[in-house]
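First subunit A sits with subunit B, and in the next complex the same chain sits with subunit C.
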Partner chain A sequence: MWWKALLFIIMTAAIVAAFVTEAPQQQIGEASRIFYFHIPQAWISVLAFAMSMIYSIGYLRKRDILTDGRAADTAAIGLLVCILAAATGSIFAKVTWGSFWNWDPRESSIFLLLLIYGAYFALRGAVQDENRRATLSAVYSIFAFLTVPFLVFVLPRMVPSLHPSDSVVDENMKFVMGAEVWRILLTSLVGFSVLYLWMFNISGRIRKLSRARFEEI
Partner chain B sequence: MDGNYVALSVAMVVWIGVFIFLMRLDGRVKKLERNQ
Partner chain C sequence: MPSSNANLVTRSLAILAKDIRLELRSRHALNAILLFAVSTLSVVSFSVGQSGLGPHVLAALYWVVIFFSAIAGLSHSFVREEETGTGLLLRLKADPDPVYLGKFFFNLMLLMFIAAVVTPLFFAFTDATLEQPAPFLTITCLGILGLCASTTIVAAIIARAASRGALFAVLSFPLLIPVLLVLVRASQKVLDGQSWGEIASEIQFLVAFPVVMIVGSILLFKFVWRE
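Let's look at the complex of A and B:
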């Protein structure tokens, strides 16, 4: 219970600090505050998709249907957070570039990522047999995650983009943020990470309960 | 102070809503686990 109270304090502190301190980038202005939420959302989606791959490998090794369910749970959270990252990025794009969607390399890569993980759930929905569904989606999830580093970190840096690329580190991988901005971002990252773990924990317990109920019937 | 208090209020409402939803869901799951 104590960690839930701590999570509440951390997230509240991050939100309040994000809006009452100076905007992180003075040239961009107020819209740059979205950075405190957009970056943690992007981070959580990568983490959640990585966890989905790990659970998928676990399923292929153990053939435990609950492990397959956990892979789907974390992919669902990842997809939800990825949609939020696209939405917050889109709001930023409207304010700074003039339109919500410009097919910038970053926007195109996140769109591809949403399609890839959307297809994962389409695949799960299309296969009736439980074990066959679990095997196919585990293999798909492993291959899907292989595209994530390329789409998130490599592709947007290969072609010219409007997306700010030096807001965290510069081209020499040195931190460019001020101490206050860094502290707020770190608080937000911790808050979002704990929130993700909590959601993942609840979904796992629901899955266990429904599995037990299914086996009773 | 160079704050944006409207955006802060909206973000706080959303966050408190998410937190209460998760707390209630967690409580319900706990209850079901006890009854199992």
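Let's look at the complex of A and C:
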């Protein structure tokens, strides 16, 4: 219970600090505050997908239907957060560069992630048999994850990017954000991560309970 | 379980030969994919072929034709197994690896054939110029390899699901976006007259991507095939 109170404090601190302190990037000004929320959301959407892949591997190894259920749950949370990340990024793009979408490599990778999530749930919806659905969506989740490193790490290096984060990194690949900016970002990141884990944990418990109830009947 | 002592190559070739023979009998996939490619190309050529659109747009249009032809035709090898009822027998008789390799090479041959038809027509019917044939052909071949590498296992996944056609497109598209982006970019550069030096990083990507996808497919295919 104590950690829920701590989470509340961390998130409140991050949100307040995001608005009260100086804007992180001077050239862009006030709009850059969205970066405190956009970056954690983008991070969580990739993390959630990685977790889905891990649980998918777990399902293929042990064939426990509950593991597959948890893979679907983390994908659901990831889909929600991915939509948020794309929306906040899009708002930022409109304010800074004048248009909502530009096919910048990082924008493309969020779009790709959104499509993968959508495809994953489309596949789950199309298969009736429980075990087959679990196997097929597990395979797809793992296979789709193989494309993510290409889009997240390889493409941005190949193509000039609009993203300011790439101008925040100097030749030595070290972050040149100020210490305060870094602290607020880290707080927000931790807050979002704990929130995600909490949501995932609750969904796992619901699933276990409903499964137990289902088996009773 | 397999009853012969043939090795992987022989077994894969056997499955490839079977698929080619079946395809030549009915020509369903071939007709679908060829018709689609030629119709799309005709529309492109008719509307904007001679309008002096630069290499940027023409390269994108070329890959649109190839990509959608792939989506139209590459699921046939697995879907036909299920529709004609031979899937169960194949699952009983063959190991997953030869099945995957045989069907992968079948898809590869199908798409290469389509590209061989579409590419000359494309250069004939639009005002694109091919100053650098070797880089362009290399990019095209690697791109087709990448397209087949990603879509073969997806075809296996959807073959036993409902709403196969739409589902194939929905599942394949996210996996193909990285390779499509790079392909279009590389083709744009080559149609613009640039040569090997400028497309070096794209070529590296286009070699790495199919390798990763094929290895992943081979590792995962047995779960799809045998469940």
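FYI, the second predicted complex is superposed on the first by the 212 of 217 C-alpha atoms of A that agree within 3 Å, B and C clash if a C-alpha of one lies under 4 Å from a C-alpha of the other, contacts with A are read in each partner's own complex, and residues count from 1 in each chain.
The rule we apply is simple: a residue touches a chain if its C-beta (ideal position, glycine included) is under 8 Å from a C-beta of that chain, and two chains touch if they have at least 3 such contacts.
If you're wondering where the values come from, they're calculated on a predicted model, not measured in any experiment.
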First, second, both or neither for A:Leu115, with subunit B first and subunit C second: second
Touching partner for A:Thr147 - first (subunit B), second (subunit C), both, neither: second
Most subunit A residues touched (candidates subunit B, subunit C): C
First, second, both or neither for A:Ala212, with subunit B first and subunit C second: first
Partner chain(s) touched by A:Leu189 [first = subunit B, second = subunit C, both, neither]: neither
First (subunit B), second (subunit C), both or neither touched by A:Ala13: neither
Partner chain(s) touched by A:Arg132 [first = subunit B, second = subunit C, both, neither]: second
Subunit B versus subunit C as contact partner of A:Leu80, first or second or both or neither: neither
Contact residues of subunit A, present in both the subunit B and the subunit C interface: none
Contact set on subunit C toward subunit A in their complex: 150, 153-154, 157-158, 160-163, 167, 170-171, 173-175, 177-178, 181-182, 185, 201-202, 205, 208-209, 212-213, 216-217, 220, 223-224, 227
Sites on subunit A touched by subunit B in the complex: 4, 7-8, 11-12, 15-16, 18-23, 30, 33, 195, 198-199, 202, 205-206, 209, 212
List of subunit A residues in touch with subunit C within their complex: 60, 108, 111-112, 115-116, 118-119, 122-123, 126-128, 131-132, 135-136, 138-140, 142-144, 146-147, 150-151, 154-155, 158-159
Residues on subunit B engaged by subunit A in the complex (per definition of touch): 1-5, 7-8, 11-12, 15, 18-19, 22-23, 25-26, 29, 32-33, 36
